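We call the chains A, B and C, going by the order they appear; numbering starts again at 1 in every chain.
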Amino acid sequence: MTSRTWSAALRSGAIRALLLAIPVAVLTVGWAAARGASGERLAIATVISVVLVAGIGIFVGNSGVESFGHIAFAAIGAYSVAILATPPEIKRTRISEAPLGLADIRLDVLPAALVALAVVAIAAVVIGFVVMRMSGISSTIVTLALLVVVNGVINNWTAVTGGAEAFYGVPTVVTLPSALGVMLLVLFVASAFKSSPWGLMLQASREDELAASTMGVNVRLLRLIAFVISAVGAGAGGVLLALLLGAITPNDFFLTLTFITIAMLVLGGKRSTTGAVLGVIVVTIGNEIFRWLGDGPMISGFQLPALPGFSTLFLGVVIIVVMIWRSAGIMGDREIDDFTKRWLRKAQVRPTALPGSTARSTARLNAENLVKHFDGVAAVDGVSLEVGPGEIVGLIGPNGAGKTTLLNLLSGVLQADSGTVSINGELLPRKLHRVARTGLARTFQNIRLFGELDVSENVQVTTIVASSSHDHLMHPQDLLTTFHLESQAGRKAGVLAYGDQRRLEIARAAAIGRHFVLLDEPVAGMNEVESLELRETIRELNGLRGAGILVVDHDLSFILGLCQRIYVLDAGRIIAVGTPAEIVSNPAVIEAYIGASAAQHEQPDATRGTEEPQPDEDHS
Amino acid sequence: MNEFIQQMVNGLSLGSTYALLALGLAIVFTIFGLVNFAYGELITIGAYTMFACSSLGLPWIVQALAGILAAALASILMELIAFRPVRHADGTTMLITSFGVAIAIQAVLTIVVSARARTVPQPSWTVATLSVGGITLPAYQVVTVLVTAIALLAMVLILKRTNFGLAMRGAAENFQTARLLGVRANRMVASAFLISGLLAGIGAVLILARTGGAVEPTMGLAPVLKAFVAIVIGGIGSLSGAVVGGLVLGVAEVMLRAYLPGQVTGLTDGILFALVVIVIVARPEGVMGLKARLRT
Amino acid sequence: MLQIDSLHVSYGAIRAVRSVSLTVEEGEFVVLLGPNGAGKSSTLAAVMGLLKPSSGTVAFLGREITGQQTEAIVRSGLVLTPEGRRILATLTVRENLLLAGAIRPDRKAMHADLERLLERFPVLGRRTGSAAGTLSGGEAQQLAIARSLMARPKLLLLDEPTLGLAPMVVDQIFEIVAELVAEGLTILMVEQNAVRAIEAADRGYVMRSGEIVASGSAADLGGAQGLVTSYLGVNRE
């Protein structure tokens, strides 16, 4: 079980960065010592690759949104530093026409590099506003478009960039130690981000965006933050490359470099910083071997752009094989410290449990006249309901009655066409991630856990959000104990048994559902024993801090045994409301449940509420 | 005015090539769920096959047919070797796989032939011009428009008039429902790749006619990026949308090149891509999502 | 004709179907009842090869079909009319029917069947050229059934054919099913109008929480009252 606090993240980030940097330093320094000047260039290039790949991984790995465009930020960084740091005497021969007196600027390398990174950050903020809305195919196309656009601009904005020809004269000041220093910093940022509360919330959105949003995670903002940090990382790689090569062309930062970094990233594992380092090392070694095989033993220093066929073939095959064999890469989610931990056995310092507030909720959830249409059909047609403080309320109805739609309206996943949802008279916020912060949380019919995160982390996503919105904190450990999950804390949520998954989803909602927890078919697919257990769990949840609970289910016996009050929904309208005893003897309910025509046939029976079997009506 | 008409024809000719290519990309996407980055390499394979045939001294028409067939065959092999194993994976895994396929094919061509550009001598008609009512048009543009029109018409006839086309349209809308009606999944996927390859091959022949026959290992990249853009404009998942998107893109590109001030013409592609980004942002679901699927 | 033996189906950790065994004999009309989430549709999906059962076997016409490709199962005469109708909205009504008939070698008879079905379902006959997406729910359900019939099924699986339809349309669908039964078609139907379905059928099974909890004729199942009990898992006092 890992605790996601900032201090723990900084500490484990520092440990991981050091654990990773040491072997890289040993390998590269050794190689440079053995091979002289050309060896040193390759060593530095390898270190720069780590900077690029780990930088890209900050966004791609945590958010799960693909990017083929990060090399564009390397290009922006490289050209910015080149334009700023190259001596004016050389610049005047190439870009004398540059605006803002860029041709006459003389900056030292360090300030030039910092300004270059600022330029990258600004570009990333602008582009990030687009990318944060994306996922799947659209992010691929947008980021690829970014790469093409930036390349086109550099190629054609001759007055500033010198166009397609080489921009030369950049001071070649990068040494192996300085490159290693930058790498250590980037590895630290990547590792710390991954272990941080922000990293955790972003990973949650990677696993399930909707679930993360309903748990209060501001997915877009976090994506933007990660995108900018990640772009600056890639930009740092570009700056270093420019300061290593001394002469750069637009195509140094285009498809070839994109191919190589993608191969490194996917081979090691997108989600792992350790994987980034491993991917770089394996691909670099493989690349060198195949380059040697393809071209004879010739090492021409750092020549990324003109890759001979064999090493390129190697890259292509690596990508295909990894995708087919293990699309999560060699490391998957694991990190180097997962292995060292075994023998270091460091005692996790757990923050002292904040006192869980025992103050009972006094909130009241009101829905007034909710209407929701899909394609002209009213799925929810004027529903009003109420859940009082600490009340356990059931919502039942036949298939297609509109129960899930209603739950989606109550939890802010859908917006009603008309009508309102309010808590203590305050309207539900329109932004989904704000809803959870009002103390209302939900579960899903088809279980939406963060499958690749462990049990403890699943709960921490919501405790982190809760800690920033109200003071009624529960410690994740206490929650797991309450829901009998403490023994599972370190297991991935996706591999839990079904009953445990249901309980975990409820525990996760309970962490932020200070006032209300809405449960969508919690016992679907459970047998009698399991559903009896779950009933107890829900009672405990209710008893804990007096959160009001709304349960949707088809299992009437479960609902009858659990709820104090029950609403019956049919065809988008509430057709009955009452205590379990009232509901079970209500003819309309029976009619809704086993078919409209049944009620026509069985009306006398249903109204009598008798228990003797009915005489058979033969219709055949 | 004459110049405008000439530019328009040029735009339509370029656009019709894009339309053809976008259709090939869209067919595989609708049936298989793959955005095939290696589609560009099918064009490259077609072009290199023509190059090989021309070095053997075969007549142009044989080169062209061989190029088209080679692209089709390569497409089917691609599916069998690289894509079938990741068939049930998510879209990103499939896309990155196709990325790897693209790189590998480029590398093989570099190793076997050369990284440097080669030339396939083009028949003399490709540089001829036609005069129609005082307007002079390059013959290859007219031929491109005609060939594309014929290819698209053939596609429409196949899709609308044959059982096979019916099955393909059904599978494009909902693969599982099509299987419930007895449509054979593997055969349908292979057919989608076959058609996709054929269209890429035809595209290769037309591209060579336009560029004077230059072939190089990375030649597929520019067209595949344009085909991406076209299907985004038209709504990914929509076959007719891909065609419309290709035409719009071609005309827009030619017009921008012709009428943008001199110093920014080099940014044409940049401007086009930026426009696509705006399209995606403005209509993220409508353009990319399933809704577009219904507009086949 | 159809024999399901100890079928188990899971989605991840969810065990949707547990040890379900059922049979359908030639000429029978059998219904599969139970509340939503009971595992009825998952059972049908597993029979059709759309879901992979974790264990158990399905045999059709005496041959085991577990693990076969969906299209091969369809071509052997076992046809599903899926829940939610799943008509191909971009194809016309006629094209939907033609596509379903395309698996038959007897093209002439297939076209004759097509004309017959268009007469039998006049709402379809009037709109053969319209995109199927423009049909109303009831019309679409008729198309879905007609489409299945185009394949000349030996056994027809109907999944929730009346879901979301207006009461009058529900009557219509029940009439159509009754006609098909009268013509001798073997049918296994999942249906939410439980009482009405079991009364129309020869016999039925009731599923709850992934298991079969009751089976037999309408009388065996205790009529409406018995159904309520086994359905809801609760004894009404």
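The rule is simple: a contact is a pair of C-beta atoms (placed from the backbone, for glycine too) under 8 Å apart; a residue touches a chain by one contact, two chains touch by 3 or more.
The chain lineup, named per UniProt: A, B, C = Unannotated protein.
Here the structure is a predicted model, which is why all the values come from computation and not from measurement.
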Farthest from chain B in C-alpha centre terms, which chain would that be?
C
Comparing chain centres built from Cα atoms against the global Cα centre, which chain wins on proximity?
A
Starting from the mean Cα coordinates of chain A and chain C, work out the distance between those two points in Å.
40
Using mean CA coordinates as chain centres, what's the chain A-chain B distance in Å?
34
Among all residues of chain C, which ones touch two or more of the remaining chains?
none
The residues of chain C that touch chain B in their complex are 48, 50, 69-71, 74-75, 79-80, 82, 86-91, 95, 98-100, 102-103, 133, 147, 151
Contact footprint of chain A on chain C as seen in their complex:
12-16, 18, 35-39, 160, 163-164, 167, 170, 192-197, 199-200, 209-211, 218-219, 222-228, 231-237
Enumerate the contact residues on chain A facing chain C in the complex.
398-400, 446-447, 494, 496-498, 501, 521, 523-528, 531, 554-557, 560, 584-585, 590, 593-598, 601-602, 605, 609-620
Quick check: in the complex, which residue numbers of chain B touch chain A?
35, 82, 85-86, 89, 91-97, 99-111, 115, 218, 221, 225, 228-229, 232, 236, 264, 266-267, 269-270, 273-274, 276-277, 280-281, 284, 288
In their complex, what parts of chain B are in touch with chain C?
163, 166-167, 169-170, 173-174, 176-185, 294-296
